[in-house]
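Pasting the structures here.
Below are two complexes that have chain A in common, paired first with chain B and then with chain C.
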Partner chain A sequence: MAFGGGYFKTTYAGDLALIDTRLRRAALGLLVFALIVLPRFASPFMLDLVAQTALAAVGALALNLLTGLAGQVSLGHAGFIAAGAFTTAVLVEHRLPSPLLALPAAALVGAGLGVIVGIPALRLKGLYLALGTLALHHVVLYACGEFQSHWGANTGVSIPPPRFGAWVLKGTIAWYYALTAIGGLVLVLSVNLQRSRAGRAWMAIRDREIAAESVGIDVARYKVLAFVWSSALTSVAGALFAYQRAFVSVEAFGFFLAIEYIAMVIIGGLGSALGAVLGAAFVTLLPYGIDAGVAALRVPGGAEYYLFPLKFGAFGLLMAAFLVFEPQGLVGIWRRARNWVVLWPLRYRPLRPAS
Partner chain B sequence: MARPALMLLAALLGVTATVTPALAQYRIGMSAAIAAVLVTITLGILLRAAIVLVYTDRIRHPLPLLGLANPPRRLPGGAVVSTFDLLTVAVAATLFVGLFAFLRLSPLGIQMRAAGEKPLLAAQRGINFQLLFALSWALAGFAGALAGILYANNVRLDPSLGVLGLKAFAVALVGGLDSLGGVIPGALIVAAVEVLSVRYGDPLLADVSPFLCLLAMLPVRPWGLFGTREELERV
Partner chain C sequence: MVLRVEDVTLDFDGLRALSGVSMSVDAGGLAALVGPNGAGKTCLLNCVGGFYAPTSGRIVFGDAAIQGLPPHRIAAHGIARTFQFVELFRGMTVLDNILLGRHRHMRAGVLAGALFWGRSRREETAHRRRVEEIVEFLELERCRKELVASLPFGVQKIVAIGRALALEPKLLLLDEPSTGMNREEKENLARFLLRIKHELGMTMLWVEHDMELVGDLADTVTVLDFGQRIAAGPPGAVLHDPRVIEAYLGRAASREKGAG
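Our next item is the complex of A and B:
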């Protein structure tokens, strides 16, 4: 078979390996190589799109830890992103613009918020949890809005480009490499979390909380841990967002952003790191795809007015369609396609492995 | 088009827009409540896009267009409110009494409460709970559309009006999700906090005050002031 040897492993190292077949290793190597040489061929616009996707993927992976693995639905994701971005803004206002300080500070603020949300969230389930996180989102935005109107300029806070000693991170290509590398790191972190003790505990809690507790998982501790990991990573994404845009304003972190992140993990496929990345790419690239499509159609006059509602509507329609028709998301489609190719001309895997 | 026809049309739109998620809900594998929330939100996004596409993205004031006025009225005691404010109170009261009568007295309403409490048991007694869920979505949509009509006439019509609906969550949860009687105290509390925070705080604070009420209520009594206490699940 082209993928994986099933459960037959002869060494512990083989069992621990992240990438278990030669084909996968080759494919991954090829992907990394392609990402490294991409700036030689692609336009700055393309590079920017990839960078944006990588940044969105960090946020989506973080949300996936919480919603996909631990099963705790959060509508407050944009609030955590805002918290990270505004941590950076506060530090910049106090003349401490170094990212070496801002990124850990954002992670700390995020982790703190995660504890603050996670502990009351232990009592809440389903709808109540979703609404609680939604309320939290509004409260965080309110705090950020107060900061913005009292200390920052009324419209927002400008962030200088990150500076490491004498070297300044700016320009599309530098940002492309930085964000793609960070996206890759967070991907590895999230995959490793998923297969660690915490990840397994989260999945058990997601599937059935009482059963998880009865096999000795400390449900309260792991739920709070999920909130802490997720919000810390999300805040880091927010800080990066602030640096990349070079500007922080409350208007960028509305309720719609939270919905976009939920859409990323749902369209990608809940509970799968690959899904979160695919979903991030899908949701980030969709508006540009529609732009390109409309430009290609050459609609005469007044098309600009319809572009925004068209993007908005297409997003809503696709999210509803995925929710209803493909709850497994893009990753479900990918798995089915892969199985179809591998198993063809058969339809199902053999029940017993051929001896 | 005549005025009543327009209003009827708006109400009908609300109904169709809310029957769809009810139908959609049954295909989704996630926990039903969350799926319903997400489908509602996405349909809200869709509807908003549709409104901007076929109508306008500009802020409108429908009253002059309809040729109506909204004169201020002086109440006994010296308070001054607009006519539509009074109308809103009257509509809310009528709706409340109507819903109360429907849920308490009519067979359909009693079936609806049964289906809400235990869908499985209700289905076994021959209640078509899917139809009832669709009906409840339609009722909710109708009430929401009424609120939208009144708000648009009283304040302004603007495509991002839907954000207002988020406040309704706060009211419903503070009062208790499964308690119709809790709606009025819930609404009064949330509204009072909002008015007080405009008076003593600032407008930004007033915007989040419903959510602050919600956050204050959730850790203490997640089921709300008058809701049914939920049974704890423990090992």
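Our next item is the complex of A and C:
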């Protein structure tokens, strides 16, 4: 929604700019500044939450690229994350723990898996595609499990902290900066994709495949491209996950993880990069929020016993509630709130001359 | 001759939608394709546009045989089309819809688009300029940033023409562009069609139900009935051809014949 006001754009480059007003520039500057100085004020626990959110946001943005932009449902997301994490584990087992090797390798493995799923996915739609990608999830996890037991590491594989020359990425604050920066970078790349040729082609395929063909988009090619880029990015997120946790185990990549990522993009707002980030924050923080809420109530004794199912229950309930009451997700709420503030004290945009 | 349809037959599991249809469209001409409902007009358009592969026969565009090619390859040959039920990208703005028509003329891949720097950024601006020319040509300035789903049907049909024009095609296929339009919108459409013909010099193959529009604008008219060509020629002659009138209105009752 474009607002009228004191800003009159005189170039197309100006009209394409993302940060186009002084207010927005100031707000962005403030946000970056706040993120930089946050470690001086926040506890390590808080910093870890932000870092976790940023890492989840990378995965959610990758899924949003596939599901939100290109419209291809995927239940295989946790499988791609596992593929990235286990690529790192394999390299570590072969005494090649350098992230400069592991991250590109994870991207390549992810891209390869993307081709493997993407080509049969050309013939599948909706539920059938969801089941096809679910099959991939199980195949990847099975392979990872075999790897894990083959190396005699029944509980998992330890990953040493990533080393860049003499410098070692270690500690809460360092990881906070690294993951927040990566999350921010991926967010910017996602937003750019949405306003350029390839992203538009994906959205065209999502909205109307037959019309996309008629304007000269090679639909098959672009669908496979969506799978390749999305899964490559997801696998990189998986490699980062392995380094940050310093430990890789198949149990961490169960089907519930795939559901969590789908919840992120749906609760955040399908097709919106900002929505993917908001959804990642929401889903990451929700369990801690429930914990804090219960702690604040000071319920006696056995309450913790009921806490665990409560988290899962709240999760499903919230997802259903968003689908029914707010299909545009958190980003829809954000847009409405922003419009309300901009228009206040009016309730509607002033009438324009009829078109 | 830009487009030659030679003896095209199209079967759907025993149902013959087109049988041995031949027609041609001259360069720069506005060729209308008419016929009662179910005559096979849209089927023929879909054969030219690549959505159906003809069972037999040839479709020659310029020097190339294009029958059976997939739609995106046909678009690359310089053929663009609109649809009877608009088929716009509903979640996107008018600008983005028309920009998608520029897809074939742009180069940026996934990585270049994600970086949005240097060449890909300049490319966006350059093509935005071309899109604005189309917006101005079709008088869509007021709704350029609206979501197409929020626009009246008549305006959506014009946006669809804009998207097709953005491909800069040599041949424009229009599938019933005036359906669902009111009088004023039809008059605008007629004006746009004439401007496309005279100012842009594009060749058009135009499926239409409104005989008044066809009679006023078309250079040639081809009439289909039950998948067969029953008449072709200049509109003045064709629209008064007794076989065409019979196809549309039916045969005069025998009682009247006897009285005459």
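For this structure, a couple of remarks:
In this section, the second predicted complex is superposed on the first by the 336 of 355 C-alpha atoms of A that agree within 3 Å, B and C clash if a C-alpha of one lies under 4 Å from a C-alpha of the other, contacts with A are read in each partner's own complex, and residues count from 1 in each chain.
The definition used in the following text is that contacts are C-beta pairs under 8 Å (C-beta built on N, C-alpha and C of every residue); 3 or more make two chains touch, one makes a residue touch a chain.
The structure presented is a predicted model; accordingly, all values stated were derived computationally and were not measured.
In the superposed model, A:Phe312 makes contact with chain B only, not with chain C. When the two structures are aligned on the shared chain, A:Leu136 is found in touch with chain B, with no touch to chain C. By the document's definition of touching, neither partner reaches A:Trp340: not chain B, not chain C. In the superposition on chain A, no contact is made by A:Phe33 with either chain B or chain C.
In the superposed pair of complexes, A:Gly126 makes contact with chain B only, with no contact to chain C.
Applying the stated contact rule after C-alpha superposition, one finds that A:Leu189 touches chain C and leaves chain B untouched. More residues of chain A are in touch with B than with the other of chain B and chain C. By the touch criterion stated above, A:Ser214 is placed in contact with chain B and with chain C alike. With both structures placed on the common chain, the touch criterion links A:Phe255 to chain B but leaves chain C unconnected. Shared-chain residue A:Val324: touches chain B; no touch with chain C. Overlaid on A, the two complexes show chain B and chain C touching the same residues of chain A, namely 210, 213-214. Chain B makes touch with chain A in their complex at residues 24, 27-31, 33-35, 37-39, 41-46, 48-50, 52-53, 57, 163, 166, 169-170, 173, 177, 204-205, 207-208, 211-212, 214-215, 218-219, 222, 233-235. If you check the complex, the residues on chain A that touch chain B are 73, 75, 120, 123-124, 126-128, 130-132, 134-136, 138-139, 141-142, 145-146, 149, 209-210, 213-214, 255-256, 259, 262-263, 266, 270, 305-306, 308-310, 312-313, 315-317, 319-320, 323-325, 327. By the touch rule above, chain C contacts chain A in their complex via residues 49-51, 70-72, 75-76, 80-81, 83, 87-92, 96, 99-101, 103-104, 106-110, 112-116, 120-121, 123-125, 128-129, 132, 142-143, 145, 155, 163-164, 166-167. By the touch criterion given at the top, residues 2, 11-13, 15-16, 189-190, 192-193, 195-201, 203-204, 206-208, 210-219, 225, 229, 271, 352-353, 355 of chain A touch chain C in their complex.
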